[in-house]
């Protein structure tokens, strides 16, 4: 089973063409570094609107059968930042550990990482993960998260994702 | 006042007899190591069903008068894992610090500890605590948590729980 | 624009005159140490009642135009402690990082910091922050939080708050 991974850029300014989306491509580039098994990205670019975020996640999970959806953008304290709320609205169960871990990782780089409201959750058999908006912060957080993401997808009976051990070793509690 | 402590094993496979429950007995064994004052366990074994979990917690708190209920199992990302949701449903107020602390402790041992969705909360004058499923992880987390659990029960006017200081020193801010 | 900061003491005993409120004045004293730009406190003292807490926060944000509201008290596990729930009731969006960070800081001093149920959130363009109740713990947590609070208020287009760099350096990701 080939893994499909949703890459969801949430940004008013990238959506309206004020600047180019660099965050979505940064996620795909980092995933290409990490993942050695077969996988395919499904990219979507939307504005910071609750309904648009909810619809995009539902579509990526229920229609495109993504085992993992990675969002970028919309997790700060600005009034337009509503990604965590929209994510929680369409998840069945939450995964509080990922938000905690991403803030802990990012706090090593900038004290304002505490302002990030990133969360993660499960919809059906898919893991939804809010990443930071900046390409640099994406790289800093996404690589260490892959120590546990393949095992999470195993638990939900999804595709077997293999990683390049020189980038990050995927820990699998049931496969040692 | 003798302390009653609910020990709630949540496992489809242990409940249906596919294997024996080792987690509930591991909790009791660890509590016997930790607690030197009088206490009594009230053990229940149930499947991974939201209603069964809610009913068991309500029963342990409201009928059996447990000052502490420790659950084990059902906190991962598998589709049958619903312990945190059921716990939250029957708690009046949540205790986010315990989930954070347990993930922090377990992350020292395995990177997949981030997948644990463990939570804790208060129902009336009782503390409800989700522990991991494996006997090894139970031991790793339960002992350090007893630095603060007796003080929490003091705050709720429950029984005075004493610990063996060679195992763990119970910190009591009001009793120094 | 001068910054107005709400200082909300939540304590049955201070409210009824059993002892004097030391926590509110401790917050103002610490803010005076930290902030070098113009600011003005708006102080309120109320009992541990959900409605009173909600009304006070709404008033400080919607009427007094505070860009920051700092509460003290009511975040423990005692049956009268309802500050986090009341805070969440009147916030549009939550800021989970601050609760995590305050518990992490306080755990360096006392193991019972895990019992703190402190949270933070946003109401309109205002940041609401639950601080611990004791003057000592207020000082330990409030100073490091000001590494990120001015940037948070910048994100919400509030007043530009400057800090004394000998006490704490305010990190501003967009102003370097």
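We call the chains A, B and C, going by the order they appear; numbering starts again at 1 in every chain.
One rule holds for everything that comes next: a residue touches a chain if its C-beta (ideal position, glycine included) is under 8 Å from a C-beta of that chain, and two chains touch if they have at least 3 such contacts.
On a predicted model such as this, the values are computed, not experimentally measured, just so you know.
**Q** With touch defined as above, tell me whether chain A and chain C contact each other through largely the same residue numbers, more than half shared, or through different ones.
**A** different
**Q** Rounding to the nearest 5 degrees, give the angle of the rotation that lays the CA atoms of chain B over those of chain C.
**A** Resulting rotation angle: about 120 degrees.
**Q** Once you find the CA centre of chain A and the CA centre of chain C, what distance in Å lies between them?
**A** From the centre of chain A to the centre of chain C is 31 Å.
**Q** Two or more other chains in contact with one residue: find those residues in chain C.
**A** Expected reply: 100.
**Q** Would you tell me which residues of chain A are touching chain B in their complex?
**A** Checking each residue of chain A against chain B gives 93-98, 100-101, 122, 125, 127, 145, 147-148, 151-152, 155-156, 171-173.
**Q** In the complex, go through chain A and note every residue touching chain C.
**A** My answer: residues 76-79, 81-82, 84-85, 99-100, 103, 107, 110-117, 119.
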